[in-house]
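Have a look at these structures, which come just after this line.
Next come two complexes, and both contain chain A; in the first it sits with chain B, in the second with chain C.
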Partner chain A sequence: MKLAILVNEGPYTHQASDSAYQFTKAALARGHEIFRVFFYHDGVNNATRLTTPPQDDRNIINRWSKLAEEHKLDMVVCVAAAQRRGIVDEGEAKRNGKDATNLAPGFRISGLGQLIEAGIQADRTVVFGD
Partner chain B sequence: MLNIVNKSPLDRNTLQTCLDAGTGGAILLIEDGVYAATRGNAFESKLKAVQGNYKLFALGPDLDARGVGDRVSDGVTVVDYAGFVDLVTEYKTCQSWL
Partner chain C sequence: MTTKKFMFVNRKAPYGTVYALESLEVVLIGAAFEQDVSLAFLDDGVYQLKKGHQTKGIEMKGFEKTYGALDDYDVNKLYVDEESLAARGLTADDLCVPVEVMSRAAIGKLMEEQDVLLSF
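This part shows the complex of A and B:
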(Lines of atoms letter the chains of each structure in order from A and count residues from 1; the text may use other names and numbers.)
(Lines give C-alpha, C1' and ligand atoms only; values in the text may rest on other atoms or scores of the structure.)
Protein backbone atom coordinates (compact mmCIF):
# COMPACT_ATOMS: atom_id res chain seq x y z
CA MET A 1 0.00 0.00 0.00
CA LYS A 2 1.08 3.58 -0.66
CA LEU A 3 1.41 5.66 2.53
CA ALA A 4 2.04 9.35 3.15
CA ILE A 5 3.39 10.65 6.46
CA LEU A 6 2.82 14.14 7.86
CA VAL A 7 5.08 15.33 10.69
CA ASN A 8 3.85 18.48 12.48
CA GLU A 9 6.09 18.49 15.54
CA GLY A 10 9.77 19.33 15.98
CA PRO A 11 12.42 16.89 17.17
CA TYR A 12 13.08 16.45 20.90
CA THR A 13 9.74 18.05 21.75
CA HIS A 14 7.35 15.31 22.77
CA GLN A 15 7.31 12.15 20.74
CA ALA A 16 5.70 12.77 17.35
CA SER A 17 8.93 12.81 15.38
CA ASP A 18 10.05 9.54 16.99
CA SER A 19 6.66 7.93 16.43
CA ALA A 20 6.63 9.03 12.78
CA TYR A 21 10.11 7.62 12.26
CA GLN A 22 9.32 4.28 13.90
CA PHE A 23 6.06 4.03 11.95
CA THR A 24 7.78 4.83 8.65
CA LYS A 25 10.48 2.24 9.34
CA ALA A 26 7.90 -0.41 10.24
CA ALA A 27 5.83 0.37 7.14
CA LEU A 28 8.89 -0.03 4.91
CA ALA A 29 9.76 -3.30 6.67
CA ARG A 30 6.20 -4.47 6.00
CA GLY A 31 6.78 -3.87 2.27
CA HIS A 32 4.67 -0.74 1.93
CA GLU A 33 5.64 2.22 -0.21
CA ILE A 34 6.17 5.57 1.48
CA PHE A 35 4.99 8.05 -1.14
CA ARG A 36 6.28 11.05 0.79
CA VAL A 37 7.13 12.31 4.28
CA PHE A 38 5.98 15.90 4.61
CA PHE A 39 7.29 18.16 7.38
CA TYR A 40 5.03 21.04 8.35
CA HIS A 41 4.79 23.61 11.17
CA ASP A 42 7.49 22.91 13.81
CA GLY A 43 8.07 19.62 12.00
CA VAL A 44 10.43 21.48 9.64
CA ASN A 45 12.95 21.57 12.52
CA ASN A 46 13.52 17.87 11.79
CA ALA A 47 15.47 19.04 8.75
CA THR A 48 18.33 21.08 10.20
CA ARG A 49 21.72 19.43 9.79
CA LEU A 50 23.18 21.61 12.59
CA THR A 51 21.51 19.61 15.36
CA THR A 52 24.02 18.16 17.83
CA PRO A 53 22.38 15.98 20.48
CA PRO A 54 24.53 14.35 23.20
CA GLN A 55 26.42 11.32 21.87
CA ASP A 56 24.34 8.81 23.84
CA ASP A 57 21.08 10.26 22.54
CA ARG A 58 19.43 9.42 19.23
CA ASN A 59 20.13 11.85 16.41
CA ILE A 60 16.65 12.37 15.04
CA ILE A 61 17.78 14.37 12.00
CA ASN A 62 20.55 11.99 10.91
CA ARG A 63 18.17 9.10 11.44
CA TRP A 64 15.70 10.59 8.93
CA SER A 65 18.51 11.33 6.46
CA LYS A 66 19.79 7.77 6.71
CA LEU A 67 16.34 6.27 6.25
CA ALA A 68 15.79 8.49 3.21
CA GLU A 69 19.06 7.39 1.69
CA GLU A 70 18.41 3.71 2.31
CA HIS A 71 14.88 3.75 0.93
CA LYS A 72 14.98 6.66 -1.53
CA LEU A 73 12.35 8.50 0.53
CA ASP A 74 10.94 11.79 -0.68
CA MET A 75 11.16 14.03 2.40
CA VAL A 76 9.63 17.45 1.80
CA VAL A 77 9.83 20.50 4.05
CA CYS A 78 7.14 23.18 3.77
CA VAL A 79 8.78 26.33 2.40
CA ALA A 80 6.74 28.89 4.35
CA ALA A 81 7.16 27.01 7.65
CA ALA A 82 10.88 26.62 6.88
CA GLN A 83 11.37 30.33 6.17
CA ARG A 84 9.75 31.25 9.47
CA ARG A 85 12.04 28.89 11.38
CA GLY A 86 15.29 29.45 9.52
CA ILE A 87 15.52 26.18 7.62
CA VAL A 88 17.42 27.13 4.48
CA ASP A 89 18.76 25.40 1.37
CA GLU A 90 20.93 27.02 -1.28
CA GLY A 91 18.04 28.25 -3.37
CA GLU A 92 16.30 29.81 -0.38
CA ALA A 93 19.55 31.37 0.85
CA LYS A 94 20.05 33.03 -2.51
CA ARG A 95 16.44 34.12 -2.80
CA ASN A 96 16.27 35.60 0.71
CA GLY A 97 19.82 36.93 1.00
CA LYS A 98 20.98 34.53 3.74
CA ASP A 99 24.65 33.80 4.41
CA ALA A 100 24.26 30.12 5.33
CA THR A 101 22.30 26.95 4.65
CA ASN A 102 21.30 24.19 7.04
CA LEU A 103 19.05 21.74 5.21
CA ALA A 104 20.05 18.18 6.10
CA PRO A 105 20.75 15.58 3.37
CA GLY A 106 17.69 13.80 2.01
CA PHE A 107 15.31 16.70 2.61
CA ARG A 108 14.04 19.15 0.02
CA ILE A 109 12.12 22.39 0.45
CA SER A 110 8.88 22.76 -1.47
CA GLY A 111 5.30 23.93 -1.13
CA LEU A 112 2.06 22.72 0.41
CA GLY A 113 0.99 21.38 -2.97
CA GLN A 114 3.31 18.47 -2.23
CA LEU A 115 1.21 17.60 0.83
CA ILE A 116 -2.01 17.83 -1.15
CA GLU A 117 -0.55 15.62 -3.87
CA ALA A 118 0.57 13.10 -1.25
CA GLY A 119 -2.95 13.06 0.16
CA ILE A 120 -4.36 12.33 -3.27
CA GLN A 121 -1.76 9.82 -4.44
CA ALA A 122 -1.33 7.82 -1.24
CA ASP A 123 -3.86 5.27 -0.01
CA ARG A 124 -3.48 6.56 3.57
CA THR A 125 -2.05 9.70 5.13
CA VAL A 126 -0.89 9.26 8.71
CA VAL A 127 -0.47 12.41 10.78
CA PHE A 128 1.97 12.76 13.67
CA GLY A 129 1.92 15.88 15.80
CA ASP A 130 1.61 17.44 19.19
CA MET B 1 -12.11 4.47 10.85
CA LEU B 2 -8.90 4.15 12.80
CA ASN B 3 -8.74 6.84 15.48
CA ILE B 4 -5.23 7.59 16.74
CA VAL B 5 -4.93 9.35 20.11
CA ASN B 6 -1.52 10.42 21.42
CA LYS B 7 -2.30 12.35 24.59
CA SER B 8 -3.39 11.23 28.05
CA PRO B 9 -7.07 12.00 28.76
CA LEU B 10 -5.85 13.55 32.02
CA ASP B 11 -3.88 16.11 30.00
CA ARG B 12 -5.97 16.83 26.90
CA ASN B 13 -9.52 16.17 25.84
CA THR B 14 -8.64 14.63 22.47
CA LEU B 15 -9.72 11.13 23.51
CA GLN B 16 -13.05 12.53 24.70
CA THR B 17 -13.40 14.46 21.42
CA CYS B 18 -12.67 11.26 19.55
CA LEU B 19 -15.42 9.43 21.48
CA ASP B 20 -17.83 12.32 20.96
CA ALA B 21 -17.28 12.06 17.20
CA GLY B 22 -18.64 8.53 17.46
CA THR B 23 -17.05 7.17 14.32
CA GLY B 24 -16.86 3.59 15.54
CA GLY B 25 -14.12 1.34 14.18
CA ALA B 26 -10.96 1.33 16.23
CA ILE B 27 -9.01 3.50 18.64
CA LEU B 28 -5.25 3.17 18.81
CA LEU B 29 -3.64 4.76 21.86
CA ILE B 30 -0.02 5.84 21.34
CA GLU B 31 2.52 8.02 23.17
CA ASP B 32 0.94 9.48 26.36
CA GLY B 33 -2.41 8.23 25.07
CA VAL B 34 -1.50 4.78 26.40
CA TYR B 35 -2.25 5.92 29.95
CA ALA B 36 -5.92 5.61 29.01
CA ALA B 37 -5.31 1.90 28.41
CA THR B 38 -4.12 1.20 31.95
CA ARG B 39 -6.12 -0.56 34.67
CA GLY B 40 -7.68 1.82 37.17
CA ASN B 41 -7.08 5.06 35.28
CA ALA B 42 -9.74 7.75 35.61
CA PHE B 43 -10.88 7.33 32.00
CA GLU B 44 -11.17 3.53 32.11
CA SER B 45 -14.94 3.41 32.56
CA LYS B 46 -15.52 5.67 29.57
CA LEU B 47 -13.49 3.38 27.34
CA LYS B 48 -15.23 0.32 28.77
CA ALA B 49 -18.56 1.90 27.88
CA VAL B 50 -17.68 2.17 24.17
CA GLN B 51 -16.10 -1.25 23.77
CA GLY B 52 -19.12 -2.40 21.77
CA ASN B 53 -18.50 0.30 19.16
CA TYR B 54 -14.70 0.35 19.02
CA LYS B 55 -11.88 -2.12 18.98
CA LEU B 56 -9.28 -0.79 21.41
CA PHE B 57 -5.53 -0.97 20.81
CA ALA B 58 -2.47 0.43 22.58
CA LEU B 59 1.10 0.67 21.31
CA GLY B 60 3.31 -1.74 23.28
CA PRO B 61 6.61 0.16 23.04
CA ASP B 62 4.91 3.29 24.40
CA LEU B 63 3.32 1.31 27.27
CA ASP B 64 6.72 -0.18 28.12
CA ALA B 65 8.48 3.19 27.86
CA ARG B 66 6.13 4.43 30.59
CA GLY B 67 6.45 1.35 32.78
CA VAL B 68 2.79 0.41 32.46
CA GLY B 69 3.07 -2.54 30.07
CA ASP B 70 1.90 -4.91 32.82
CA ARG B 71 -1.17 -2.82 33.72
CA VAL B 72 -3.18 -2.94 30.50
CA SER B 73 -6.96 -2.96 30.90
CA ASP B 74 -8.99 -5.97 29.76
CA GLY B 75 -10.34 -5.49 26.28
CA VAL B 76 -7.31 -3.53 25.03
CA THR B 77 -5.10 -5.29 22.49
CA VAL B 78 -1.40 -4.42 22.61
CA VAL B 79 0.28 -3.97 19.21
CA ASP B 80 3.83 -3.13 18.10
CA TYR B 81 4.74 -0.70 15.29
CA ALA B 82 4.13 -3.40 12.67
CA GLY B 83 0.68 -3.84 14.19
CA PHE B 84 0.20 -0.06 14.00
CA VAL B 85 1.01 -0.21 10.27
CA ASP B 86 -1.42 -3.11 9.80
CA LEU B 87 -4.20 -1.14 11.53
CA VAL B 88 -3.62 1.82 9.22
CA THR B 89 -3.94 -0.40 6.16
CA GLU B 90 -6.85 -2.39 7.56
CA TYR B 91 -9.11 0.64 8.07
CA LYS B 92 -10.05 2.77 5.08
CA THR B 93 -9.30 6.05 6.84
CA CYS B 94 -7.28 7.14 9.85
CA GLN B 95 -7.66 10.24 11.98
CA SER B 96 -5.03 11.52 14.40
CA TRP B 97 -6.79 13.48 17.15
CA LEU B 98 -4.22 16.19 17.83
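This part shows the complex of A and C:
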Protein backbone atom coordinates (compact mmCIF):
# COMPACT_ATOMS: atom_id res chain seq x y z
CA MET A 1 0.00 0.00 0.00
CA LYS A 2 1.12 3.54 -0.71
CA LEU A 3 1.03 5.65 2.45
CA ALA A 4 1.32 9.33 3.29
CA ILE A 5 2.32 10.28 6.83
CA LEU A 6 1.47 13.58 8.52
CA VAL A 7 3.35 14.54 11.69
CA ASN A 8 1.71 17.40 13.59
CA GLU A 9 3.66 17.47 16.86
CA GLY A 10 7.20 18.28 17.87
CA PRO A 11 9.81 15.86 19.23
CA TYR A 12 10.10 14.94 22.93
CA THR A 13 7.05 16.97 24.06
CA HIS A 14 4.53 14.70 22.40
CA GLN A 15 4.57 11.02 21.47
CA ALA A 16 3.07 11.69 18.02
CA SER A 17 6.50 12.03 16.43
CA ASP A 18 7.75 8.77 18.01
CA SER A 19 4.59 6.95 16.93
CA ALA A 20 4.88 8.30 13.39
CA TYR A 21 8.48 7.11 13.22
CA GLN A 22 7.66 3.64 14.57
CA PHE A 23 4.69 3.35 12.22
CA THR A 24 6.72 4.45 9.19
CA LYS A 25 9.51 2.03 10.04
CA ALA A 26 7.07 -0.85 10.55
CA ALA A 27 5.21 -0.05 7.31
CA LEU A 28 8.48 -0.05 5.36
CA ALA A 29 9.49 -3.36 6.98
CA ARG A 30 6.22 -4.85 5.77
CA GLY A 31 6.97 -3.73 2.22
CA HIS A 32 4.62 -0.76 2.05
CA GLU A 33 5.59 2.33 0.11
CA ILE A 34 5.85 5.67 1.93
CA PHE A 35 4.94 8.31 -0.62
CA ARG A 36 5.90 11.17 1.66
CA VAL A 37 6.26 12.16 5.31
CA PHE A 38 4.95 15.68 5.83
CA PHE A 39 5.74 17.76 8.93
CA TYR A 40 3.27 20.44 9.99
CA HIS A 41 2.46 22.56 13.06
CA ASP A 42 5.15 21.90 15.73
CA GLY A 43 5.99 18.78 13.71
CA VAL A 44 8.47 20.95 11.80
CA ASN A 45 10.66 20.91 14.93
CA ASN A 46 11.49 17.30 14.08
CA ALA A 47 13.73 18.75 11.36
CA THR A 48 16.26 20.78 13.36
CA ARG A 49 19.75 19.31 13.32
CA LEU A 50 20.66 21.37 16.41
CA THR A 51 18.81 19.06 18.79
CA THR A 52 20.98 17.52 21.52
CA PRO A 53 19.08 15.04 23.69
CA PRO A 54 20.78 13.34 26.68
CA GLN A 55 23.06 10.50 25.57
CA ASP A 56 20.87 7.77 27.03
CA ASP A 57 17.81 9.02 25.15
CA ARG A 58 16.73 8.46 21.56
CA ASN A 59 17.74 11.09 19.01
CA ILE A 60 14.43 11.64 17.24
CA ILE A 61 15.83 13.90 14.53
CA ASN A 62 18.82 11.70 13.63
CA ARG A 63 16.48 8.72 13.62
CA TRP A 64 14.29 10.34 10.94
CA SER A 65 17.35 11.38 8.91
CA LYS A 66 18.72 7.82 9.03
CA LEU A 67 15.40 6.29 8.01
CA ALA A 68 15.17 8.74 5.12
CA GLU A 69 18.65 7.83 3.93
CA GLU A 70 18.02 4.10 4.17
CA HIS A 71 14.70 4.17 2.35
CA LYS A 72 15.02 7.28 0.18
CA LEU A 73 12.09 8.83 2.04
CA ASP A 74 10.68 12.15 0.89
CA MET A 75 10.43 14.15 4.14
CA VAL A 76 8.85 17.56 3.66
CA VAL A 77 8.63 20.38 6.19
CA CYS A 78 5.87 22.95 5.65
CA VAL A 79 7.48 26.26 4.75
CA ALA A 80 4.94 28.52 6.51
CA ALA A 81 5.05 26.46 9.72
CA ALA A 82 8.87 26.31 9.48
CA GLN A 83 9.21 30.07 9.07
CA ARG A 84 7.09 30.66 12.18
CA ARG A 85 9.23 28.28 14.21
CA GLY A 86 12.70 29.03 12.87
CA ILE A 87 13.42 25.95 10.81
CA VAL A 88 15.70 27.22 8.06
CA ASP A 89 17.57 25.86 5.03
CA GLU A 90 19.97 27.84 2.86
CA GLY A 91 17.29 29.10 0.50
CA GLU A 92 15.08 30.28 3.34
CA ALA A 93 18.02 31.90 5.15
CA LYS A 94 18.90 33.86 2.05
CA ARG A 95 15.28 34.82 1.34
CA ASN A 96 14.54 35.98 4.89
CA GLY A 97 17.93 37.43 5.80
CA LYS A 98 18.82 34.88 8.50
CA ASP A 99 22.41 34.24 9.58
CA ALA A 100 22.10 30.48 10.14
CA THR A 101 20.49 27.30 8.93
CA ASN A 102 19.38 24.25 10.90
CA LEU A 103 17.56 21.85 8.57
CA ALA A 104 18.64 18.28 9.28
CA PRO A 105 19.77 15.94 6.47
CA GLY A 106 17.00 14.15 4.62
CA PHE A 107 14.43 16.92 5.10
CA ARG A 108 13.37 19.54 2.58
CA ILE A 109 11.24 22.65 3.01
CA SER A 110 8.26 23.08 0.70
CA GLY A 111 4.64 24.18 0.57
CA LEU A 112 1.36 22.75 1.84
CA GLY A 113 0.56 21.67 -1.71
CA GLN A 114 2.91 18.76 -1.01
CA LEU A 115 0.57 17.58 1.75
CA ILE A 116 -2.51 17.78 -0.47
CA GLU A 117 -0.62 16.03 -3.30
CA ALA A 118 0.40 13.28 -0.86
CA GLY A 119 -3.26 12.88 0.15
CA ILE A 120 -4.22 12.55 -3.51
CA GLN A 121 -1.44 10.13 -4.47
CA ALA A 122 -1.42 7.85 -1.44
CA ASP A 123 -3.91 5.06 -0.76
CA ARG A 124 -4.05 6.12 2.88
CA THR A 125 -3.01 9.24 4.75
CA VAL A 126 -2.13 8.58 8.37
CA VAL A 127 -2.14 11.55 10.76
CA PHE A 128 -0.08 11.64 13.95
CA GLY A 129 -1.08 14.50 16.21
CA ASP A 130 -2.68 15.56 19.46
CA MET B 1 -5.93 15.92 -11.58
CA THR B 2 -7.58 13.28 -9.41
CA THR B 3 -10.26 14.68 -7.15
CA LYS B 4 -10.54 13.18 -3.72
CA LYS B 5 -12.84 13.86 -0.80
CA PHE B 6 -10.83 15.71 1.85
CA MET B 7 -12.42 16.36 5.23
CA PHE B 8 -10.75 18.66 7.73
CA VAL B 9 -11.74 17.81 11.28
CA ASN B 10 -11.46 20.71 13.69
CA ARG B 11 -11.60 19.85 17.37
CA LYS B 12 -9.82 22.72 19.07
CA ALA B 13 -10.72 26.27 20.09
CA PRO B 14 -9.61 29.00 17.65
CA TYR B 15 -7.02 30.54 19.95
CA GLY B 16 -4.93 28.97 22.70
CA THR B 17 -3.24 26.71 20.18
CA VAL B 18 -2.28 27.28 16.54
CA TYR B 19 -4.18 24.29 15.16
CA ALA B 20 -7.27 26.16 13.92
CA LEU B 21 -5.28 28.85 12.12
CA GLU B 22 -2.88 26.41 10.47
CA SER B 23 -5.75 24.07 9.60
CA LEU B 24 -7.40 26.87 7.62
CA GLU B 25 -4.19 27.28 5.63
CA VAL B 26 -4.39 23.63 4.53
CA VAL B 27 -8.09 23.97 3.72
CA LEU B 28 -7.35 26.83 1.33
CA ILE B 29 -4.55 24.88 -0.38
CA GLY B 30 -6.87 21.86 -0.67
CA ALA B 31 -9.42 24.10 -2.38
CA ALA B 32 -6.72 25.53 -4.67
CA PHE B 33 -5.95 21.95 -5.74
CA GLU B 34 -9.64 21.64 -6.67
CA GLN B 35 -10.33 18.86 -4.23
CA ASP B 36 -13.75 18.02 -2.79
CA VAL B 37 -13.21 19.80 0.53
CA SER B 38 -15.42 19.73 3.61
CA LEU B 39 -14.92 20.78 7.22
CA ALA B 40 -16.25 19.23 10.38
CA PHE B 41 -16.34 21.04 13.71
CA LEU B 42 -16.48 18.99 16.89
CA ASP B 43 -15.75 19.46 20.58
CA ASP B 44 -14.15 22.89 21.27
CA GLY B 45 -13.73 23.19 17.48
CA VAL B 46 -17.26 24.62 17.34
CA TYR B 47 -15.88 27.76 19.04
CA GLN B 48 -13.91 28.47 15.85
CA LEU B 49 -17.17 29.51 14.18
CA LYS B 50 -18.56 31.52 17.09
CA LYS B 51 -19.46 35.04 15.98
CA GLY B 52 -17.46 37.97 17.32
CA HIS B 53 -13.87 36.82 17.89
CA GLN B 54 -12.13 39.57 19.85
CA THR B 55 -8.39 39.01 19.80
CA LYS B 56 -7.02 42.44 20.59
CA GLY B 57 -6.51 41.64 24.25
CA ILE B 58 -4.41 38.56 23.49
CA GLU B 59 -2.47 40.36 20.74
CA MET B 60 -3.22 37.71 18.16
CA LYS B 61 -4.42 38.08 14.62
CA GLY B 62 -8.13 37.27 14.45
CA PHE B 63 -9.20 35.00 11.60
CA GLU B 64 -12.98 34.83 11.93
CA LYS B 65 -13.25 36.50 8.51
CA THR B 66 -11.44 33.60 6.84
CA TYR B 67 -14.39 31.30 7.61
CA GLY B 68 -16.64 33.78 5.82
CA ALA B 69 -14.30 33.79 2.82
CA LEU B 70 -14.30 29.99 2.43
CA ASP B 71 -17.31 30.20 0.14
CA ASP B 72 -15.22 32.26 -2.32
CA TYR B 73 -12.98 29.19 -2.62
CA ASP B 74 -16.01 26.96 -3.23
CA VAL B 75 -15.63 25.51 0.25
CA ASN B 76 -19.19 25.43 1.51
CA LYS B 77 -19.61 22.06 3.18
CA LEU B 78 -19.30 22.92 6.85
CA TYR B 79 -20.66 20.34 9.28
CA VAL B 80 -21.10 21.10 12.95
CA ASP B 81 -21.70 18.53 15.65
CA GLU B 82 -25.01 19.18 17.36
CA GLU B 83 -23.94 17.67 20.70
CA SER B 84 -20.78 19.79 20.86
CA LEU B 85 -22.83 22.94 20.23
CA ALA B 86 -25.44 22.01 22.83
CA ALA B 87 -22.81 21.14 25.44
CA ARG B 88 -21.43 24.69 25.07
CA GLY B 89 -24.81 26.43 25.12
CA LEU B 90 -24.55 27.37 21.44
CA THR B 91 -26.90 27.12 18.47
CA ALA B 92 -26.39 27.68 14.73
CA ASP B 93 -27.51 31.32 15.29
CA ASP B 94 -24.33 31.94 17.28
CA LEU B 95 -22.13 31.00 14.33
CA CYS B 96 -20.51 33.37 11.81
CA VAL B 97 -21.22 31.31 8.68
CA PRO B 98 -24.02 29.07 7.41
CA VAL B 99 -23.42 25.47 8.47
CA GLU B 100 -25.16 22.16 8.54
CA VAL B 101 -25.77 21.07 12.12
CA MET B 102 -25.70 17.28 12.32
CA SER B 103 -25.76 14.52 14.87
CA ARG B 104 -22.43 12.99 15.82
CA ALA B 105 -23.51 9.73 14.17
CA ALA B 106 -24.29 11.52 10.89
CA ILE B 107 -20.86 13.19 10.90
CA GLY B 108 -19.33 9.78 11.57
CA LYS B 109 -21.06 8.45 8.47
CA LEU B 110 -19.71 11.36 6.40
CA MET B 111 -16.22 10.58 7.69
CA GLU B 112 -16.55 7.04 6.39
CA GLU B 113 -17.19 8.41 2.90
CA GLN B 114 -13.98 10.46 2.82
CA ASP B 115 -10.75 9.57 1.04
CA VAL B 116 -8.56 11.74 3.27
CA LEU B 117 -9.34 12.85 6.82
CA LEU B 118 -7.02 15.45 8.29
CA SER B 119 -7.70 16.16 11.93
CA PHE B 120 -6.36 19.20 13.69
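Observations
Just so it is clear, the second predicted complex is superposed on the first by the 130 of 130 C-alpha atoms of A that agree within 3 Å, B and C clash if a C-alpha of one lies under 4 Å from a C-alpha of the other, contacts with A are read in each partner's own complex, and residues count from 1 in each chain.
The rule we apply is simple: contacts are C-beta pairs under 8 Å (C-beta built on N, C-alpha and C of every residue); 3 or more make two chains touch, one makes a residue touch a chain.
What you see is a predicted model, and the numbers here were worked out from it, not measured in a lab.
Once chain A of one complex is fitted onto chain A of the other, the partner contacts of A:Ala80 are limited to chain C, with no touch recorded for chain B. In the superposition on chain A, no contact is made by A:Leu50 with either chain B or chain C.
Looking at the shared chain after the overlay, A:Asn8 reaches both chain B and chain C. Within the superposed three-chain model, A:Tyr40 lies in touch with chain C and out of touch with chain B [touch as defined at top].
Within the superposed three-chain model, A:Leu112 lies in touch with chain C and out of touch with chain B [touch as defined at top]. When both complexes are overlaid on chain A, the residue A:Val127 reaches chain B and chain C alike. Under the contact criterion defined above, the residues of chain A that touch both chain B in one complex and chain C in the other are 8, 125, 127, 129-130. For chain B in complex with chain A, the residues that touch the partner chain are 4, 6, 30-32, 61-62, 80-82, 84-86, 88-89, 93-94, 96, 98. Contact residues on chain A toward chain C in their complex (touch as defined above): 6, 8, 40-41, 80-81, 84, 111-113, 115-117, 119-120, 125, 127, 129-130. Across the interface of their complex, chain B is touched by residues 1, 3, 8, 14-16, 19, 22-23, 25-27, 29-30, 32, 123-130 of chain A.
By the touch criterion given at the top, residues 1-2, 4, 6, 18-19, 22, 25-26, 29-30, 32-33, 35, 115-120 of chain C touch chain A in their complex.
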